[in-house]
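Following this line, the structures themselves.
Heads up, the next two complexes both have chain A, just with different partners, chain B and then chain C.
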Partner chain A sequence: MKHQLKQAFSSSKFVLGFVLFSIMLLLAIFYPIFSPFDPMEMVGSIFYPPGTYVSVSDTVQATYNGFNIDPSEAHLKAALSPENREKMKNWLVRFGGVNEADIDIEDTVALVDLWDAHYSSDNPQEGLLSSEKKSYSRLDKSLAKAKTGIKTALYTENSDGEMEESLIISDRDYVRVNDVANTVTLPLGADNFGADMLTKLTNSIRVSLQIGLVAGLIATLIGLTIGLLAGFLGGLVDNILTFLTNIFTVIPSFVILILIANSVGQAGRGPFVVAMIIGVTAWPWTARSVRSQVISLRNRDHVNLSKLSGHSLPHIILNDILPYVASYVVMALILQVSSGILAEAQLSMLGLGPSTTTTTTLGMMMNWAQQYTAHLSGAWWAFIPVILSVAIISFSLNLMNTGLDQIFNPQLRED
Partner chain B sequence: MKGFAKYYGKRIGWYLITLVIAIFLNFLLPRLMPGNPVQTLVSEMMGSSTNATAAEKIMQQYTEQFGLDKSIPEQFIIYVGKLLQGDLGISFSQFPRSVGDIISSSVGWTLALQLPAIIVGWILGNFLGAIAAYIRKGVDKVVLPIFMFISNIPAFGLAIVMLFVFSLQLKIAPSGGAYAPDMFPNFSLEFIGSLISHFALPFFTMVLTTIGGQAIGMRSMSIYELNADYVKYSRFLGIKDRKIIVYVFRNAMLPQITGLAMSLGTMVGGNLVAEMIFNYPGIGNTMFSAIGARDYPLLSGCTLMITIMVLIANLVVEILYGIIDPRVKAAQQESEN
Partner chain C sequence: MAKELGKSVLKGENITKVFGYGKTRTEAVKQVNFDFHEGEVISIVGESGSGKTTIARMILGLIGITEGTLLFNGQPRDISNGRKKKEYWKNIQAVFQDPFSSFNIFNKIDDLLLDCINMTGGKHKSDKEKFDMMTEACSFVNLKYAELTNKYPFELSGGQMQRLMIARVFLLKPKILIADEPTSMVDACSRATILDMLLKLRDEINMTIIFITHDIGLAYYVSDSVYIMEHGKFVESGPAEDVIIHPQAAYTKRLISDVPKIYGEWDLSTV
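What follows is the complex of A and B.
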């Protein structure tokens, strides 16, 4: 066992897969512990983008530090959306007599200079609707405001319950982020329920891994038992079991999965039940490969010797067969865990995933992102991290499997 | 030729038995629901609706369809009898359309999308795997792992990403459907153009997710073959590498055909969900809406149709394999004697 582990870690593929998998596992275990939020807690609102949010009230109350930085350029940049830049360019070309080649809409300062030099609301602007004229004049005003700087007054309630001007805030006043008492950091933004994505994601990774493990263990156990019995006993038992196995290899397992999941009904479908359903539909190919391995072992000398010594069937299987297929079974288990996680995601996407309000899985998160059309809202943080997590877990497990394959099948070795 | 017919007769017989078992499962599993399945289905489907007459009508239809007053074997015979007449019942969510009608209008889309996607993905995957085994170096260390990673993204996950990048950010692909919503199917150039532009994104998504898994299998098989004695002997004889490689890859391809048959079910499953993301009007999308609407007859029809398609695909692969692989031919000859 120790020797085999040592061998496994000499394969670079296995090590890479192991490291990737460990990172996901550690993230899933430890992040929710240190996260300030509960995975199901609705902290914010739908699809808040990632970033740090500072309390506005606390910010104005904090200590101000003056900086000698002209804020107007940044203000202009923020005020000018790509559409507005395009609009300004159109106006300048049509009515300002500016050559189109001279306008660079990316260069904020040059664009605004050109605008100031040519724009006038008195321009006849022939061919424009009055609403369009008005929108241009509004744009001009907002630019002027952004340039002169905005003075903000702060009013606070005094002891008589009246509002009283307490402070004038200049646009060169800054507050150190650390001085703001209340800040909220959402490293991956918020999902459609307003929950912190990262906390929810790590929690989902944990639950999905558990589902994958339970499904994988059940599938491997069933497959191993059937494969061992069919391969070792041979004869009629083998015929019946092989017939069954072949049938369930050809009938797509996800069809049976859908039928069972649908029959169990919404109420009965907890995460554990879903894992069990996945497990009992995923065993056939494990059974198939275990059987062919056992057949090649069945007539080895040590097995025959054991039979002659009068050992019982369980004894022979446990001591003379199992140790030889163990490495193979571990590899099959790894693949079963990975396909179990994928099966859960697939079921959830179809609306047949775990129905629970106390926890989440990767599939459920993807389903919610899809239901709330996160991709249409441009909320990439609501689905890309989830898809990446599924892919990384599955990739790392497959890498580990390939690495082990190269160790146990020496022909595949790199050199 | 006699052995050939006998061999395939046996195989086709086996597939027919499998089909009967698949139909039986399709029939039995919903009936294992705890409690009265008809009542459960109707109450789940009706939800908050209080229309008593509608509920009663649906209840009646379900009871008739399930034939619950009869014994299970009797029910199964009635079910198969109806099936043989092509009667899959009537959809509840798209009343009064029949399930057979809905499925026949969607099955073509699924076939037209998935069949080419799986075949192209399989060919490209084999090509990549063979190159990785022969050249090693960069292809094996960089290109292959990239495709392996992509193939570990579930097809529906990649579908969302592709839709987000190409349709919503770059705006170079339509956002879903099989053709522009303002068009009616006809044989104009414009319509065919619209078909192709809607086809591209789902097609490439499915091809991309297929390549990696096939390539890794082909790589292993090719390495086995490259190390075989006949390759060493041929090299020793001075036969050119280019000629040897043709034999190597032909031999390595054979198990890959079986590999395709084995992974067909899984691939189709992922692709069906991807279809749903692209709103492509195939079986996947129909199945999704059936689940959402608790339209049991439609869902059951979809799962049956998918099973039949996968079974046929498997049979075709098996027949092809028998034609290509001389060892199977030998087995056929043996059974002749």
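What follows is the complex of A and C.
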């Protein structure tokens, strides 16, 4: 056992899969503990983009520090939209007599310098409508304002309930972010309910892993029992169990899954009910492969020797068959966990996942993102991280399975 | 080697084994008769696929008999339930061909030997007695128990494993031993040792050995009587000297001429 573990960790594929899986697992376990929010708590509002949010009121109350940095360039940059830059370029070429090649609309400072040198509202500007002339003059004024800097006055409510001017804020005053009393950091923004995406995501990963594990264990346990009995006993028992397995294989398991999930009803579907539903529909594949493995073991000499030693049937199955298929079963379990997580995501996408008010899962997050058309409003943070999490978990589990496969079937090794 | 035959321990009458049905129906063993006696060494010789191992498995009770009766100690054999099977297997044991697949690699050697002691009613013996029995069994096959304890079978060499198998038989002391090509997977030196040990054990507990082999020279070396098998039938049987020195059936002659000779030309015309 120790030897096999050592071997497993010598496979680079297994190690990579294990590391990826551990990262997801640790993230899922520890992030919600340190997160200031509850996964279901509505902190903000629909689809706030990722970033740090500082309280406006607290910012103006905080201590100001003067900086000797000319803020005008940043202000100009913020004031000049791509359309305005294009407009300025057109004017300069038509009326300013500037070569088109000399104008770089990306270089804010050079563009504004050129504009200052050539623009004048007295220019006849032949061919322009008066409204267009006015829009150019407005643009010129807004540029002048951005260059000189804006002074902001702060009014505070006094003891009489009147607003009175208390402070003039210069455009060179800065506030340290740490001095602002109230800040909210949403590393992955907010979802449609306004809940912190990262907290919700890590909580969902945990719940989805639990569902996958329980579903995988149930499926493996049922499949293993049926496979062992069918393979070892043979004859009529094998025929009946194989018939049962074939029925479950032929009927699309996803349809059964939908039917069972639907009949249980929204209120009755907790995460573990969903896991059980997935588990009892996913076993036929394990049962078939275990059965074929057991059939090849059944006539091996060590099994015959065990029979000759007078061992009972359960003893032979547990001691002479099970250890030989154990490595295979572990691999099957890993795949079952992976497909359990995917099955939960599929079910929840269809709205048949666990009941939504009490828990969150990866599939349900995708379902909500889709229902609130996150993809149309450009809220990528509402579904890309979820999709990536599902992909990484399932990828890491499959990678571990491939790594183990190469160890237990040396024919598959590349070198 | 001719000696007085003991009483009959195993007698087969019209034994037939059929595998599959319909198109895949194959008769592996067809209406064979045999009579094995106490203390006798019998060889069943034939090429691959002739049905030797099928006969061995039927005698062991690992697979059912399609037709025919098998008399054990003059009584029809009854292995209809687990208890009767266990009783039967106290009397009949086997050594298999491939030592590397004969052992459960997850069980320690001690467990294997303890199983044998428990099976022969030694369950209530003290640890000291069990230890002595295991030591005696190991020294019978030139193994040291102290070196084997807490080891797994796969840590031994092929020859050692096969000797461990004989130590197992020594503890069980069965009436009949089926040796299914016990020496085909080990080297020549181990082969002689293993055969000697089997014959020594036969002399000690007056056991019947059914030796299954494809090597007719080996069969002549060890056995009292020989059964030659071709396509599921015994084509010739009798005392070893008669069958091998003066073969009657064409198949027996061919088998004998196929044995490689160190000197002289190898006659390929019959192959």
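What we mean here is this: the second predicted complex is superposed on the first by the 343 of 415 C-alpha atoms of A that agree within 3 Å, B and C clash if a C-alpha of one lies under 4 Å from a C-alpha of the other, contacts with A are read in each partner's own complex, and residues count from 1 in each chain.
Convention: a contact is a pair of C-beta atoms (placed from the backbone, for glycine too) under 8 Å apart; a residue touches a chain by one contact, two chains touch by 3 or more.
Remember, predicted model here, so these are calculated numbers, not experimental data.
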Superposition on chain A - do chain B and chain C clash or fit: fit
Touched partner set for A:398, first chain B, second chain C, both or neither: first
Partner chain(s) touched by A:22 [first = chain B, second = chain C, both, neither]: neither
Partner contacting more residues of chain A (chain B vs chain C): B
Which superposed partner A:121 touches (first chain B, second chain C, both, neither): neither
Partner chain(s) touched by A:166 [first = chain B, second = chain C, both, neither]: neither
Lowest C-alpha to C-alpha distance for chain C against chain B (Å): 5
Those residues of chain A which chain B touches in one complex and chain C touches in the other: none
Chain C to chain A touching residues, read off their complex: 57, 60, 62, 82, 85-86, 89-90, 93-94, 96-98, 101-107, 115-116, 119
Footprint of chain C on chain A - complex, ascending: 300-302, 304-313, 319-320, 323-324
Contacting residues of chain B [partner chain A, same complex]: 14-15, 17-18, 21-22, 25-26, 29-30, 32-34, 37, 40, 44, 148-149, 152-154, 156-158, 160-161, 163-164, 168, 175, 216, 220, 223-224, 227, 262, 264-266, 268-270, 273, 276-277, 287-288, 291-292, 296, 299-300, 303, 306-307, 310-311, 314
In the complex with chain B, residue positions of chain A that touch it: 246-247, 249-256, 258-260, 262-266, 268, 285, 339, 342, 345-346, 349-352, 366, 369-370, 375-376, 378, 380, 383-384, 386-387, 390-391, 394-395, 398-399, 402, 405, 409, 411-412
